[in-house]
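Dropping the structures in below, format is structure tokens.
What follows is chain A paired twice: with chain B in the first complex and chain C in the second.
Up next, the complex of A and B:
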């Protein structure tokens, strides 16, 4: 079963889905393959900052200029993924004036609107900023939801005829006559419109051109093709707070360093980050001190963080790249620019280009550049339209609605739903009846869950990233099973169970980095709820062994009456044994 | 001259109090309250929802967990959309007591309600006007008390009651409480103020609106009981404690009243006075809601020094011995502990005290809410729910031995009387009978 689409894109992150959309809109036949969910790699593990460019205004002005351009584009085309929070570069008394001035001048040189605020003015915007801050620079930073952004790009690509395959890992790059002609993918479990193969099935997909958009994994794909792609994966920790202590992006105004940014993200704040090179983008230590560092250092900017509740922490891996021979020691000094590596020019292997480096804010521009490159290679003449056409969901919409009248929802629920769904709100929220709230923390209704299931199949983690269900403060305690319940009756019990397991375990993965204070109470309650009502501690249904029903007493034995050997009494109410007068003790194990 | 002397000031007749509205200028504009961090304490155990008497009878009401931590956490700073269901919360504050994790639920509810009323409610709507009237009962009562007999006749007229219901949305099912022919303050002034003077034992009485205009016998009992224990009682001029205003989201009105109350009472604290209320909602308001909702000079001190009358005597006097050696005529009471008393840990005090009193049988009629919650049960659209909530209490009162009710809360007493036809007494009245 060989198919011959024109272009095969590897990687379902922001870059890959952006390229797939761009090329599909230009009329090419596009297939995108991703080994996990969309956003499985780096895109789903970023802090959600929509750069104004301010962060690079001193160290990397080329990136800064790209950022402010794309910042404006994304506000236009991805309104339902973006929240224009504004951003502050806050100077503390110990931070240098010289750098502050450089930052301000840099912003202005790059065309980034920047305004100096006094400490009072800054604290008027963000009342929880430390009282001893000196001043701040206000820039148009924002928050972006990387999940919705990717999912919308993929949806748009599909609308334009592309094929998207998630849970399909590239296990080989097909090279014939010294040219890349396609890839071999191995399908994994899962169902839905983005998953066509059967688990374990191997498929060869031929294409006129292959784009390696796997970011930190680009080296691994390169290995399969027999070329070196020198990605230097660099990990960074991000800690999620339970509530929004700030509604504006707060940056520390000093030369780059660890723990210098707080991004308000949906209902939460994300603290970031660190920058440390790792060998393997999938296997690196996640350490408690990294989390402590975030909270301690950022408390200097927002003191209440010290005692605030964190709900989880996660690590992401940057796909940093520098041309061979540059030899930068410190990963923080590696440029954030992106590189287009045409393996024909570079390695004498035509048919494939890798794209590495870059950042989410400029994903569309990167996609445009590489799409131009692919079109040139394939002799296609077509204009890029991604900067002008809004993503599905971002067509004109307003969040100011009568939520009860329009959707039958309480106003905070309706408002959050519309903020997430954008122009799709009416279609989605009125698609199902009854429409109760499934995830209370994040105000996600049954209709939105079902909408996400349309593309997620049985993958509840995909539902999670599309809707935010189970991403709130209880981390799925109240809603994991409700989400799984929506899979029935379409899917059988064993599938529903394993989908629930996947989601439940994924939640623990990040939650275990927040095991103190309130989140510890939350986790204990979550565990006990699931253990005592759903056998989460030891589920007999999950065991291969036949259940020994005879081991249960019938609850009806008369006292001391039926014990055949006469050596021990029955169980007592508190679970101990009834001791007998001649009990000598220490007889355990005697026959 | 200290403020403590002010009660004897002839200018303090109720009619003169309107001048006090000037005091509003003393406070700066309200500071926006951000309660999102309060959501950190919630781990969603749902104990608050289980404890909520409104959620139990009103399927449309999403419950305190949604109104509180969930709604606040979902807010963005500039979002101006508090859900209108906040107006169905009766402000009984049982959720505060139920929460094992210290979520400031009632503070969240009060603040959200204030925001809803301020920003979203139509100020010309019947609901707003009705709520404003109910919330400002003190002002209403002040007018009514000028001609109490006439007012009582009018308000008791069934035609007027029907008009109230149709025009204002105030239920016609309930009898308006009668205004006393002489208010407590009129009695106090006529009496010439305190009869006992003391340097050591001094209390400033917060009588609230109801004891002043409707049940002055409670206020008189308070004065006589405290004086019998050698306390100097002063009665500073005061306005409504704010309880009905919080419950209706009229935070500006409440703040004005709180400002006057704090100003008039806080000065006395340095002179050794503690603040005593005979209404448990008044003491609740001064203690908890004032410092939670307002930033006024001296408000924390007022909060710290406020007590309910019985509570105070049980702390400072050997009330139990006093009662044990007394006796009264045989009588039996069905006692209901108001929700606000429960929140202050006072739900057992009357029963514990009076079961020692010779001649008295007293029985606790259970831990349910009476259902009226101040102004809640007066609203036409809430009346049926209010009676459903109260059904347990009525039932238990029926089964109790006594046929006289007892409670500290004026509106609980209205509900008890309305549901059973019993006479209702305040614990201070029985205490007066026993020890004075």
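Up next, the complex of A and C:
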């Protein structure tokens, strides 16, 4: 029997992992490489909206129709990543009636269930909506966890034989005789999971076909292959609130604009967003006015946001693309459609296709189309099964039962764990005993941390996105070091420390955008716990200077002064010292 | 009718208690007005004075570093005498429960993160475990307490070349609790010496550790060795093991911090300080540049408190003695001036352990610790500030949080008391 054709997928976002899963399920030999963590690029930096299609129902009906189809597919195959919150398009008095009617008609034309609610009915669903709103349209929007979705796709791909390498950057595209034949990959810490301190390694991976699914980075991969892929990266800010001020997706019902959506997400709400073209997807300004804009504009819909606490902000970069010569000036007008660029047709460079544009809700459909295209190129006849076969974790919902009894976990710890793990809950939660809580804000237990560590190596940020540990209100103040401790004894102390430093710094970066009011108080506490209580900023173990231990108080009260002669002689005196503490207590009081 | 005292201290933490004790020493009639639980439950219970300054440290003696502090540091307002006075008041308040007063030198105390921290005073339960003393060490952690990993902490200490050998073991606590049980539950089990199959918590724990002991001369645990009967727990474990046992300070909820809070309030009682807790100061009335009355919201009944002198010791950002919005840092009780950069992105640094401006936020004291306005003029003749609400110190980086509270508390309290009783 012939060896299966091999495909190399570049990019570990929703599109890349979706393609890897699809092709692996069709029997191809798939390798996926990602330069950071899974979701590192745009996927991990979105607002988590599972579109009903309502947002595109006026401006982009093709996208809207795809959204409602895939919305239903994801509820079926990725139930443990989706929360069907429902969504509202809310009209304020100053918003036009004409647009409201267009939105309603658009939804109906696209097959999106839409119901008009009076202001009173809308406020019954969301009591914190402004009292002066006019009315609303109810649609089946939802929330999706992009991290869990991506990780589940990758896990499924691996189950079907794929190889997934994170922290592995493509440093060259191999072209032989005018054809793409593979890539050169630089593994940051060798192959397999990332481990701090493990030396890097360069590997050439040959494949029958290469798929460039790097989104906003597609132009950079194109450059390596010598072709132009003109992505127009556009940044958007998202601000995370400390709690769920709303339990329904709240959209502003007006034509495109900044700061017009609130998405409930796990324990938080995410405010979004802006749309501004940037030069470099990795280097662009993240500015306070953008955060202010979210709060001020969205307070018009939900007034309590004005004084509510935000816990951090982050920015994502959309991989917008339009065919050369379209010349759209405002990035908000660029289509959200996706484009399949076969470089054989386009640039006379066979062996590689790039995929650009698109959005998370339709990732599976995009992956299906790309996979069809790749199969056609490779003469493989195989059906796509990704719309029917559930992702790992979503196979069986009978696990949503008496988790309190089954796992010895109190609600809400049990409930939260099972929501995240879905049908894997039994296997994961029964794997470790005792199973204490590591992250209190998000109710993550040791078992879940260790489950994530299986693929994360020593990268605690990967554990974070898989489990939500350190993503809650305290932003890791209480649990960062606990998460790091879980790396031992498998890894040595110096690695535990480096991993902790990396996670702590990552948490600080986003939290800086929320440092006022309650969250500044929280950040100051975090700083006190880690710098004052643990002295991590001046850790003697991290210093090259030897400490003169003998110059410090050795606790020996009987000598009535500073330490004794130090060196070896001190050891003998100290042996006796310990028990003298109580005896000399009286003398101490007389001082 | 208003409640009238000589000195009213607003706040309930280390600085407030010290200010009240100091004022009481002058013979003044003192009242402490504490809104809610202090931040001591989040603090390690260690009393640091100064470990690092100007890029130097750790200092073997806190006084070695004073010259390296910037001119506007509160230590320069109160001077070395003020620091010593604060430590004296502390030592008298806590008695034998704390050690370190026999010397000017800092001790190096190990932390639950496995680092060491220069510290001037430390609880007696911590004393046998100093990293600046010798004696081979066994650290004990528990499977179900994730905050302290004994083998990691031991290897971390060893990486700093401590002058003794150190080893960590993880054991199962003799009794199992819910997955989210906190150290307080473990402490209670030891306090009561709860029975478990075949024995009691203390004896079973000692047996488990005895099996691990390999010539070590001291054994350390995360700070959970009892609460109300902690002496008894330590004594019994030490007796059964034949070596001293000690505690390693931990993060919140910190039993050592909570115990310190209890001791301070006992000392206040003993000094005759009147204590009103549970209600916030929400307003005040002035006359001729003096605060005449502080208004306290007692379940929506506005109650006036009168005093000749007032000490503001409400804490910093953590204790909510400082408040902020997206543009301003404010002192919410008396509206004292708090200087800060205009752009909130200049309040912090991108590096997690950078030189954050927010760490130094606070009121600007004159040479008698009276908050000043933006022109440097005293804001209220009879108001002094102490502790975290005073700006100019980066107590986290300096390891000076407790020392600043003690020193400014001692000086502000004494000045207020003297003024009120003269």
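Following the convention adopted for this analysis, the second predicted complex is superposed on the first by the 525 of 591 C-alpha atoms of A that agree within 3 Å, B and C clash if a C-alpha of one lies under 4 Å from a C-alpha of the other, contacts with A are read in each partner's own complex, and residues count from 1 in each chain.
By our rule, a contact is a pair of C-beta atoms (placed from the backbone, for glycine too) under 8 Å apart; a residue touches a chain by one contact, two chains touch by 3 or more.
In this text the structure is predicted, and so the values were computed from the model without any measurement.
Contacts of A:539 after superposition: chain C is touched, whereas chain B is not reached.
Once the two complexes are laid over each other on the shared chain, residue contacts for A:521 go to chain B and to chain C alike. In the superposition on chain A, contact of A:478 is made with both chain B and chain C. In the superposition on chain A, A:245 contacts chain B only, with no contact to chain C. By the touch criterion defined above, A:505 reaches chain C but does not reach chain B. Within the superposed three-chain model, A:496 lies in touch with chain C and out of touch with chain B [touch as defined at top].
Contacts of A:328 after superposition on the shared chain: neither chain B nor chain C is touched. Touched residues of chain A were counted for both chain B and chain C, and C has more of them.
When the shared chain is aligned, chain B and chain C each come close enough to touch A:440.
In the superposed pair of complexes, A:304 makes contact with chain B only, with no contact to chain C.
Of the residues of chain A, those at positions 410, 413, 440, 443, 478, 521, 525 touch chain B in one of the two structures and chain C in the other. Interface residues of chain A facing chain C in the complex, by the touch rule stated above, are 288, 292, 408-410, 413, 434-438, 440, 443, 445-446, 478, 481-482, 485-486, 488-489, 492-494, 496-497, 504-505, 507-509, 512, 515-517, 520-521, 523-525, 527-541, 546-557, 560-563, 570-571, 574-575, 577-579, 581-582, 585-586, 588-589, 591. On chain A, the positions that touch chain B within their shared complex are 83, 127, 242-245, 247, 267, 304, 308-309, 403-404, 410-413, 415-416, 440-443, 472-474, 477-478, 518, 521-522, 525. On the side of chain C, the complex with chain A involves touching residues 39, 42-44, 48, 51-52, 57-58, 60-61, 91, 95-96, 99-108, 111-118, 124, 127-128, 130-135, 143-147, 149, 151-152, 155-157, 159-164, 172, 176, 178-181, 217-218, 243-244, 249, 251-252, 316-318, 320, 323-326, 343-345, 347-348, 350-353, 356, 358-359, 395-397, 399, 401. The touching residues of chain B, counted against chain A in their complex, run 34, 36-37, 39-45, 62, 65-66, 70-71, 73-79, 81-85, 101.
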